[in-house]
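In the two complexes that follow, subunit A is the common piece, with subunit B as its partner first and subunit C second.
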Partner chain A sequence: MNFTTFEKPGRKSTELAKLNDRLAAKPAAHLQVQNLSVGYSIARGIFQAVDDVSFEVKPGTNLGLVGESGCGKSTVIKAIMGLQPDGTRISGLALLNGENILGLSDRELQAIRWVKVALITQSAMNSLDPVYSIGDQIVEAIRSHENVSNATAWARAEELFALVGMPAARLYEFPHQFSGGMRQRAVIAMALALNAGMLLADEPTTALDPIMQSQIMQRIRGIHEHMRRSMILVTHDIAVVAETCENTVVMYAGKVAEKGPTEDVLERPLHPYTMGLKNAFPRLPVRGEPRQPLISIPGVVPNLFHPPKGCRFAGRCPFATERCHNDPPALVSEGMQAAACHYIDRASEFREAASRPETWRRMGSAA
Partner chain B sequence: MRAYILRRLAQSVLVVWAVTTIMFFMFRVMPADPTAMLLERGLSEQAREKLLQEWGLTGTLWDQYIAYLANILQGDFGNSFLYRKPVWDVLTPLIINTLWIAVPGLLLGAALGAVLGTAVGWARRGGKLERMGIFLATVIRGVPNFVIGIALLTIFSSTLGWFPEFGMGDPGDRTGFARYFTLEFLHHLALPLIAVIIYFMPENLLLMRSGVVENRTEDYIELVRAKGVPQSRVAWHAARNSMLPLITWLFPALAETIAGIVVIEIVFSWPGVGRELVFAVSRQDYPLAQAAFFLLAVMIVLANLAADLVYGKLDPRVVYK
Partner chain C sequence: MTAEATILKNIDAEAATVIEARDLKTHFQGRSGIVSALLGAKPPVARALDGVDLCIKERRIVGLVGESGCGKSTLGMSLVRMHQPTSGQLLYRGEDITQIEGKRLKDYRREAQIIFQDPYSSLNPRLTIGQIVEEPLLIHGIGNAAERRQKVARALDLVRIPPADNIDRFPSDLSGGQRQRVAIARALVLEPKFIVADEPVSMLDVSIQASVLELLDELSQKLGLAVLYISHDIATVGYICDHVAVMYLGRIVEEGAADDVLTSPLHPYTRHLMAAIPRVSDDKKTELPELSGDVPSPMNVPPGCRFAPRCPYATELCHRIEPELIAGQSGQGVRCHIYGSEDSGLPRPQLGQITQAADAGTLT
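The block that comes next holds the complex of A and B.
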């Protein structure tokens, strides 16, 4: 990969060099999300999509936000960017370098969006305006925040395209002329336009085929290593998190089920949901050992109009007891790790049982 | 692209030919006998024959049709029965008069409708601006355009006396285009022009609004918002995408709206081509009516062609084949 962008070009125009210097000087951001709750009010009542979620992204690190569909992962991202629909109830804090950015107006957010926090969207398929060229859309992002000439902004866009491995000539093309993978790279290039301290990647590879997925993830990892931006990577792919993120937050039904350093969370999960999630992902077979069976977690995420009063995972948990159905568990720390389970002390016993398919199958037939 | 335009032009010629043919037969199956009105009673049979020959009304239907087509190809629509001079001499000044209210009226109506429609579509859902905008636009759209005209006349001419009640004003001794560049002409122009704008705007507003409402929840709008551009710029993205369906509707609607302008011309006694068309039909002045219909047909065909070409300019996804 060719990362020439942040070396001083010198031969290019001085305005571009100055812009690049200015952008390169931006520090990686520190983000603390504290007690974030997001509720959508709908005719039938309030849909509590995110409930009391807290986590921290240290400068220059990468946080994986995992969980199955409908767990509130994207809602967290939207809340941080201030992109929630009208009438959404938000409480809690999102401290970006110590300053709360939750609940700001669109006008106030202008100074933060893309300047300090940039977004790599979930469906690059539809997230580009169909009637403007890709270059125009990147230039729009640059010139909305940096007082530079059109030519300089285009030169910057060309550098960004080189960074994601695309020829500059394609800047003049329109989204419909791009393949899914190219659009995703264009969206990444756009997110890097102002070298924001915080990158929010909302399932950047979900809509792509597996080969493209790994290419894009490699691209994101390369950029992360090179530029040392802080990043939240939303995904439901545990393998991606294992390869990319220092820390992991596992969400279930709008709540944090487990969080901690990725290695700990994936090697020694404390929460039965994390154990189940791990089982549900394929591992490469090791020669001489029996193939690991794929085990899915039976059941579905509970309806958040009427969340269960106890542990939200209790209905699908093979180890659930009376207490789990009645008492919501608090997050309990164990070392750097924390999990919302009443039986953290029995985690190693659960891990052993959870690796056997019968444990979950019995669960499924009972349900 | 060029092949496409050429092919579309060929299609257009075909459509215009079909319209002229239908027109030819339509006028000949109409029950009234044009000669009855044309020829004075007591005219000798010989004189009548001579006149009919002059008007191209002799021979078999087929002979008449061939002669008719040949004349049209040469741009000759014959002489008006009533005015006894070539129809284009009658129509040309009237066409110019109509264009004076039609072109600015339709342009301003479309532009105002698009701007207001964006504002209403971008407003908070269920808010006051949205509800008022939809309500007013729907009510005005429902009002027949002669009522709009009469209301304007009643309020601003009869009651307040701000504007003249009819006509284009006296050109005095001015001729040619000089007659249009007087305050008096503009004074007469104001009310019919406003009537056209009010008549044409609501549909544009409602279409633009529904486009903006649809587009504002699209993913790409979310990304534009996330980029931290000013709200007006975000709204522009939604508006720009909403123009595409508006354009598809707009150009054919322009031609249809000409029919609505006929009514406005009559209410304001504006000496335009639409008003003359109605008179021509009721007086069985076939050559004049034919020419006016021909003009309308050509305009509708050209409007459709223009819509396709403009759409291609606005939407990069359109490919001409």
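The block that comes next holds the complex of A and C.
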């Protein structure tokens, strides 16, 4: 029973205003991930999904986490949220505003999840409860962390729905009454419920068609501009990253291959994997210009039960030498950018060669 | 594409038509509740495919794009007769195959094959690669064991899966890209003339996509295949397709040469579709007003233009009368009233002009 509806209207609106002020005062979070390693233990041994990954999200910026499936992108997100399955081995630090949030108990995590770090999940179909209305689910998230009345929480939910471009009346509906894109918007609204300083978006648009995808990304960009939250955007679509994120981390087989400001990483990649990824990415034709060839990267991602002892990309890299196969490269910085490659000084020469299909095709016949 | 292939393409400018759909309709019968059935109400009908004309020639790849739920896959499956069309005509090399059954249908299926989206669920995990590719030959009773083995090896060679190493392996031993190649080999082993590729690369990683697309392009040239490439990823369509058709709610709203449709789209829907694609470099991206709403349900198709309820330029005429497909000089056709005012040659108005024309009401 909802008794709060009988209260004087004045009190509700002041309570809402107070709640909004309280939430708006939250600063954007600063996240430093240092030497994060995550290993899943399976019957066959330890599967090292993430290996010594470090990056930083400065307050109020977007970080794009890019890579192929199985490269460990989602595992990084799960580790930060504390959502890994039992028996997972985690080492390293994730400093949220200077405090480590890795390896906390469920009770300790309660003060962090939703409040300080919120997750926008990949499959909006599975992340909503089918038997509660969307409004009730958002209200539950708000009321489990903020001591406010049901009516105030509902009013906050209405504001959140307006923010993602949905009519408030639809708060009364259930997830199955929503289309895929609307469900995704509802999940975004929920993630914003407590104005967490850090948003983690795990492939928020992957399952959607292009028009929906562009609408959702516009919402996310708009929220980023107005509310200045920090965000990690996990995706395999480098074009989405190019349009949304200030900084980019490219992962390959559980390790960071390259990181730096998005423009630098995509315009002047230092790592041959980033070069290959860029070539393989289809672009729209431009009138009057010949179509550029689409170049695939030959070979497959190495099996992480038996990671190669040298550079993980060596087996697919057209420039690999003896040294690459034996000696794992460290992350070398060049200006704001850094790449894990032994031959970072030859990057411009590699970039030129990598744009020619023959360079990669020669590899293909060997693989 | 090789120089040789380009020449080939020019020579057979008048290539033989392999498959043609004429006003094809595929409707699905819904079920009504017991009360409305007793009241004599007609059960709802989903008009998934509602009057499609399409023609694919030898050695051509036609791209079919559109939002989810617009009927792309229904068209693909209707063309290979996995769905029975409700009305209209389906011609395979000039022969009417709309209603064929039994042995004739089985024979047609030797000629027309389909490749599915998800190579993780379209291959039987308990069969070896050799058995998977051989199965269609067994079903159609082709050749003896030795001949079949030869055909399987040839099909695997075509998709660059070395048969000697892989014929006894299981799908679980292969990567996603390799599985999709096996699925292509299974479609090719019957030596079809027409292939429907339903989102063949959308489940694959970007670094592998390119190799599968390249393979499709090469096979269509080498074997003279007609291919219908269904995808919502418009960028990949630009790489391999000669011709593009844009679908919206069961009808084709725009079609033409890939270069024309993708670089100068005419229909407001196509323009939005193109503007929605994220770009790596910030080359002139047109900012269009956000489309309101979702695709209407095929059970409740709006009268008039199907796009009118979401179209920012819709006029009263659009809501009332459905536009015909208007063909321009270059062969680019568009189903929109905006272009109806001029008889020959399509105008290419800029966005501002579209709105102006709409405001001025000069569209009748």
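We take it that the second predicted complex is superposed on the first by the 352 of 367 C-alpha atoms of A that agree within 3 Å, B and C clash if a C-alpha of one lies under 4 Å from a C-alpha of the other, contacts with A are read in each partner's own complex, and residues count from 1 in each chain.
Here, a contact is a pair of C-beta atoms (placed from the backbone, for glycine too) under 8 Å apart; a residue touches a chain by one contact, two chains touch by 3 or more.
Predicted model only: the values in this text are computed from it and were never measured.
Peer 1: Contact-wise, after the overlay, does A:L266 reach subunit B, subunit C, both or neither (first, second, both, neither)?
Peer 2: second
Peer 1: What's your read, subunit B or subunit C touching more residues of subunit A?
Peer 2: C
Peer 1: Tell me the contact category for A:I112 with respect to subunit B and subunit C: first, second, both or neither.
Peer 2: First partner only, subunit B.
Peer 1: With the two complexes superposed on chain A, say which partner A:M336 touches: subunit B (first), subunit C (second), both, or neither.
Peer 2: After superposition on chain A, A:M336 lies in contact with neither partner.
Peer 1: Just subunit B (first), just subunit C (second), both, or neither: which does A:I46 touch?
Peer 2: neither
Peer 1: Which partner does A:A151 contact after superposing on A: first (subunit B), second (subunit C), both, neither?
Peer 2: In the superposition, A:A151 contacts neither subunit B nor subunit C.
Peer 1: Output check: A:S296 vs subunit B and subunit C. Expected answer is one of first, second, both, neither. What do you get?
Peer 2: So A:S296 only meets subunit C here.
Peer 1: Does the superposition put A:S179 against subunit B (first), subunit C (second), both, or neither?
Peer 2: In the superposition, A:S179 touches subunit C alone.
Peer 1: Identify the overlap between the subunit B-contacting and the subunit C-contacting residues of subunit A.
Peer 2: Shared contact residues on subunit A (touching subunit B in one complex, subunit C in the other): none at all.
Peer 1: Contact residues on subunit A for subunit C in the complex?
Peer 2: 68-69, 179-182, 208-215, 217-218, 236-240, 242-243, 266, 276-287, 291, 294-298, 300
Peer 1: If we count contacts the way the header does, which residues on subunit B are in touch with subunit A in the complex?
Peer 2: Those in contact with subunit A are residues 124-125, 218-220, 222-231, 233, 237, 240-241, 244, 314-317.
Peer 1: Which stretch or stretches of subunit C touch subunit A in the complex?
Peer 2: 67-68, 175, 177, 205-211, 213-214, 232-236, 238-239, 258-259, 262-264, 272-283, 290-291, 294
Peer 1: Sort out for me which residues of subunit A touch subunit B in the complex.
Peer 2: Where subunit A meets subunit B, its residues are 81, 83, 86, 106-107, 109-115, 118-119, 121-123, 126-133, 140-141, 144-145, 174, 176, 187, 190.
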